[in-house]
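Encoded as structure tokens, the structure appears first; notes follow it.
Chain naming follows the written order as A, B, C and D, and within any one chain the residues start at number 1.
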Amino acid sequence: MSQPDLLLPHGRILRYHFHERLTHWVAAGSFIYLMLTGLAFWSPWLFWLALVFGGPQISRTLHPWAGLVFFFAVSYMYAMWSAQMYSTENDKEWWKNIEHYTKNEDDRMPPVGRYNPGQKLLFWGFVFCGLLLLASGVVLWFPEYIPWNLRLLRYAAVIVHPGAALLSIGLFMIHIYMSVFAERGAFGSVIRGDVSVEFAKRYHPIWYKEVVGDSTNPPK
Amino acid sequence: MTNGWVDIKNTDMMLIMGGNPAENHPCGFKWAIEAKRNRNAKIISVDPRFTRTSAVADLFCQIRAGSDIAFLGGVINYAIENNRIAHEYLVNFTNAAFAVNNAFKLPGDTDGVFSGFDAGKFTYDRSTWNYAGPGAAVPAGAAPGALPPMPANVDYDLTLQNPNCVFQLLKKHYSRYTPEMVERITGIPKAQFLKAADTYTSIRKDGDMKQVGTVIYAVGWTHHSFGTQIIRTAAMLQLLLGNVGRAGGGVNALRGHSNIQGATDMAGLYDTLPGYLKVPTPADANFDAWMKRATPTSSQPAPWQSWNYYSNTSKFTVSLMKAFYGDAATKQNDWAFDYLPKVDRDYSWTYLWNDMYDGKVKGMLAFGMNGVAIGPDTNKNIDALKKAEWLVVGEIYPDETSEFWRSPRVLAQGDQNQIQTTVYRLPCAGFAEKDGSFSNSARWLLWKNTAVPLPGDCRLDHGIVAQIFLKVRELYNKEGGKFPDPILNLTWAYSEPQNPPLFEVLKEMNGKALADLEDPATKQQIKAGQQLPGFAWLKDDGTTSCGIWIYSGAYTEAGNQTARRDPSDPSGMGVHPGWGWSWPANRRVLYNRASCDVAGKPWDPSRKQVWWNEDSKKWVGNDVPDFKADSPPKDHMGPFIMNAEGVGRIFAPLSAFADGPFPEFYEPIESPLANLLHPERSTNPVVTKFKDTDDKFGTVKDFPIICTTFRLTEHYHYWTKNNPMNVQLVPEPFIEMAAEMADEMGIRGGEKVKVSSARGEYIAKAMVTKRIKSMLIDGKKTYQIGIPFHWGYRGIAEDEGKTARDLANQLTHTATDPNAHTPEFKGFLVKVEKV
Amino acid sequence: MSQETMRIQKMSAHAGAIPGEDTQRTYVVSKLIDTTTCIGCKACEVACMEWNDLPFGETVFDNTYQTMPETRWNYWNLILFNEHEREDGSLQWLMRKNQCMHCADPGCLAACPSDGAIIQYANGIVDFQQANCIGCGYCITGCPFNIPKFNPQTKRVYKCTLCADRVGEGLEPACIKACPTGCLHFGSKDDMKDLAEKRATQLRDHYNFPNAGVYDPAGVGGTGVMYILHDATKPELYGGLPKDPQIPLMVKLWKGPIKWLGNIAMIGGLIGLFIHYLRFGPKDREDQDIREQIALAQEKAAKAAKEKNEEEHP
Amino acid sequence: METNRRDFLKIAAVGGAAAAVFGFDVKPAYAEMAQLKIARASETRSTCPYCAVGCGTIIYTLGDKAKNVTAQVVHVEGDPDHPTNRGTLCPKGSSLAQDILNDRRLLKPQVRRPGGSQWEDISWENALNEIAARIKKTRDDSFIEKDAAGRTVNRTEAISWIGGCTDTNEFNYLVVKAMRALGVVHLENQARV
């Protein structure tokens, strides 16, 4: 079984459809905004960040809306990708060899499909953090509507929100590192949408086989 | 107030009853708190509801509305039984030792009435209510029914053992007010009553005279068909305990309006003339006859003296007539005696409205007075106004009276277009837009200044009155008319007649010399035209003029004394002699001679007010002595110089009161039970009721719940319903009721309830509270409710449709106190239903 | 540097030193509220509204004398009314003026993320600077007394200023001046503490309040508003006055350990990734094929060498 | 005291520069205190018109009483010198500013004619003339010079005056003087009730 529609000329394979790329960048844009304005409120040393984004009042006003955008983008991602994100038996093997992965010894890694377990973790991490950030964010958005006898909600929110934010920032940093610095070609894949055959073979061999299958006319 | 606001800080014990000063006089109440803070003083709060005063009291008793005399009589009984009385004070400064006419009978002996009761006419022949002594007989040739005079020399017994002396009668009278009886009548459990009585009288424990207790009350006492007698009972208790005339003592009426004291002094009332002078009656054939009737003659034990200051009545009165009528009042025309209207019946508030209801009063001028709202029996007042030809209202806000013709009652009846009354509504000046003086509850006259200009087309109130009067005078000048003389001859010599400058009016009130005067003793001279330094200068030969004798000294040659602003208080006792001016003669505590023992030494050296200085042979002190300055203690002149006896009246003789020389407990006109002392004579026997359609009275069968009306600290009468700040504080009317009662009736806090009396209905939300409890009245469970009365049909909340547009006085009735003619707003019967 | 900034000793979310910290000699001012002489007249409520020209709001009857359930952004001073029956059956109607407590260690200030939106003057007044407020509402969460209130229109938070404008000019706060019974006192904190102790002693000795005492909770460093209570062991009776108020634990964690852990993690993460890149570089180098060939060649060479070796030493 | 005290912090250079590019005012305002609103207002000593404690009040008004200023209330506060209230005011006294400046005030004379359902405007001159004429007519129609027993009484029972208790002594004196001169006996006052 092959997916010949993903095979492009010049030895390229379509990895992300347009709607996937768009969603990614909506999420990415809102996340960066959220992160920077959030960091402005996180530390006095970074408060100037809020000024860069139009002043702290504007930042405070837009941050929750950006949060909604981010959450909807993540939700859409969930709808698009969650089915592909479930862990497989193979993934366990991958995790056992994570050390090789971090040492760029990819050839020693068991083959993976469209997403490697690290990517899956990233995905679930963002979904999970998105949920937490949304829930705590709504509380923080409207603190005046949280009655005094439900103040525990507010107390929880001030812990959950930065906690989840820190977690997601960690994921974000790894994500950027991997996609921009470590795996060259990955960044292009969310811009143009396609990857090289080599890229596919190297990083996602099972997916590559799925795409190419028993095609008699493998891309060149 | 006999004393003053600041003076309360000198007290050791406060009985606060019939008043709720924490809510209604918060800034004056600070001095009660100061007494607590600095003297460890105690507050006993006795009230039908647990109020904000009760919240800071040391002892609270929930009393059935209208049973105050039973409580106070019980305290008197307790004080006598436990010898908690001021013996020296009692014997020398009160009439306790005076012998009373043998024919006088107490209600305990004569089925609930005093001697002389005429059961057909509901009046008393008061001739037996007299002291015993030579000369106490009706003089030959007196008019039929005339009362005998008091004996010039009264029989007395300084041992107080004579069974007919005032003290023994007092003891006998109140011996019936046992703690058990007090409990049955008032609903206050015996133990609690005893605690209150013990606490209050503890100031006289073991004969101590240093401590002082004060009684503080307000309209919770006056609003009864026996209101005057409640206050009398308190005054008697205070005399018994030797608390009158002393710093931190006295009987202190907390008056409810900024210038209600001044309006009373000024005689804005049918039955007095300025300075509490008696009005002439048709029986007074001429000025001299009037003066003879109005001037008391002294009456005291032979070795004693009485200054009897009212012996100067003719001086005050002639000077008043000179102020009113100037050169038109001469000795030849009997000081214009005929110009004064003669009064021989009750024209008081409820009679006024009743006469209008009967079509006799055709026109009304109402200035700053919301008669419909103030009631009682609002519906009757609305029905009365329908029959008037004209109504002139001077106000600063739209009020219920000026809009009676579109009241909910009229709109419901649909007869608006039949109402023929012409109503003029004139926009007046707010307090900040005019100057002038107010007399506060402590009798201090304080001048205020104009801060802002008049808004819109408003005019000054006194200007409006002047302009109306001058126009009327012009009409009489041009057209003539019935007896125009008093109108044409009234003095109106103000520099701006259409808007008399108020300081000129105050100068007229203070009085001036009309001829050169000289004090024979001091050789001090006053030139004609100069302001008088005080009422001691007044003459009855037409050489002085004075608009109100008690205010003489308020605007002297030294200027406007009411505008003085020296806050210093050299004695530290809250006298502040240089702040404003206090009537009479800048005295701050009345009867202050009584703050000393017979020898003229202060009872408590740490609270010295006045004292006899043997060196200068004069009474001197921190306050102006309320006494003849050079009368040595050995002369035994009585300290109560305004009484003909010179002493405090535990027994009030003759015409002093309509309903008895001692207060007796009577039930309110609407009461849940028959009087336990004398069921056949349950209510005040001299009180009569109107019998118009609107004058309905209910019984406990239909109306089982006792209701009382009250004020809130957040609102002022019917005024602040126009003030968004106060409306925010308390936005809606409510009805205070016991949680227990609400539970029984299935009423929850905030739900609407309807209160109905025989007169009308009132709808508001329920305030369910633990602060009112059920009571056992003669063993029967009884409930009371309270209604704050600040709402009507014009106001911010009313106009926004947030209230039922009812007036609390739709519920009240028109029976009044026979002495003060004040209606019984407190303690009437209602029923309560869930709406 | 202006006088005003010199007067600031604490400032929310401020990077670096506070300009006024220990730069002026002054004393801490304090309000003392004697609940035993409060008559619930609400003069303080009105005086506050009047002085601060606050706009009126809607209220409804709620079976109480209390003006509204809790303070509002435009109602900073509210007397709480509570009916309480003592063990002996007597009734107490407890009234407590509720407003900003002006904590020495203010939870609002600790929670605030905006530079200079909440400041504490050297005289102890905790003041909100609405110009700097970003409307995040963290102060609402940081306050253990439920005081800061949000205005949805301006998106700013407001509360009692202790009439900083008046106190700055040498006047007393408006509520203090108005209080008819003198249950409100104002002065230096030391003077107010003395006064409070004396009054509490009087209440214990001369009035029937053996547990009378002063409320000046240490959990927030003491407060600029102290209470004298009939029963200091039961502050909850007075409309839920917390017995031992603290800056909420979560806020403390958030502003304390979590902040530092987070900072370390973030900075550490960045550094770690950088070092990783230095050490390992990208996964797919441009010379990947050459490397493969090199590796292959090396493999081959090694194989050849091995074979040679085996040949040489069979 | 100046309104803005912004002369302090130099914000972090990067943020400042970046923000300045976008035109934002980046400097936080430290200690922006309200001006003392009564600092230069005119003070007038007055007396609270509500209860009989008679608290001294100070009415602060706009302007310095110069000719071209229409004074309007800025604030009302207790008079600290006054021995009774010593600067305190109750919730009613504290809200006097809302009484002085209140949009519910009556601002012009009005009349409600017989059978009418609305107020009509009337000039002061006409109102006062009509009132004076009515007083005279009612008095002349009802005046009793002698009672049934032939005794001089010189009174009218058809005109009544009811007065409130928040007007001055001087006003009350003028009223009593004028009403007694007219022969009014139905003269009553809040003091009764």
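Simple rule for what comes next: contacts are C-beta pairs under 8 Å (C-beta built on N, C-alpha and C of every residue); 3 or more make two chains touch, one makes a residue touch a chain.
Owing to the predicted nature of the structure, the values given are computational and were not obtained by experimental measurement.
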Pair sharing more residue contacts (C-beta pairs) when B-D is set against B-C: B-D
Chain whose averaged C-alpha position falls nearest the assembly-wide average: D
Inter-chain centre distance, subunit B versus subunit D - centres from mean C-alpha coordinates, in Å: 27
Inter-chain centre distance, subunit B versus subunit C - centres from mean C-alpha coordinates, in Å: 54
Geometric centre distance via CA averages, subunit D-subunit A, whole Å: 69
Geometric centre distance via CA averages, subunit D-subunit C, whole Å: 42
Subunit D: positions in contact with at least two other chains: 12, 78, 85, 88-91, 93-95, 98
Overlap residues in subunit B, where contacts from two or more other chains coincide: 26-27, 30, 713-714, 724-725, 729
Sequence positions of subunit A contacting 2 or more other chains: 45, 47
Residues of subunit C defined as touching subunit B within the complex: 36-43, 45-46, 49-50, 56-65, 67, 83, 85, 90-95, 180-183, 199, 202, 206-208
Complex contacts: residues of subunit D adjacent to subunit B: 44-56, 59, 61, 70-73, 78, 81-86, 88-96, 98-100, 102, 104-117, 119, 122, 124, 127-136, 138-143, 145, 147, 149, 151-178, 180-193
Contact footprint of subunit C on subunit A as seen in their complex: 40-45, 47, 50, 56-57, 59-61, 102-104, 106, 140, 142-144, 148, 151, 154-159, 162-163, 166, 169-170, 173-174, 177, 181-185, 198-199, 202-203
Partner subunit C, residues of subunit B touching it in the complex: 22-23, 26-27, 29-30, 33-34, 36-37, 40, 50, 52-56, 58, 60, 713-714, 724-725, 728-732, 734, 749-750, 765-771
In the complex, subunit D residues that touch subunit C: 1-2, 5, 7-9, 12, 28-37, 39, 75-78, 80, 85, 87-91, 93-95, 97-98
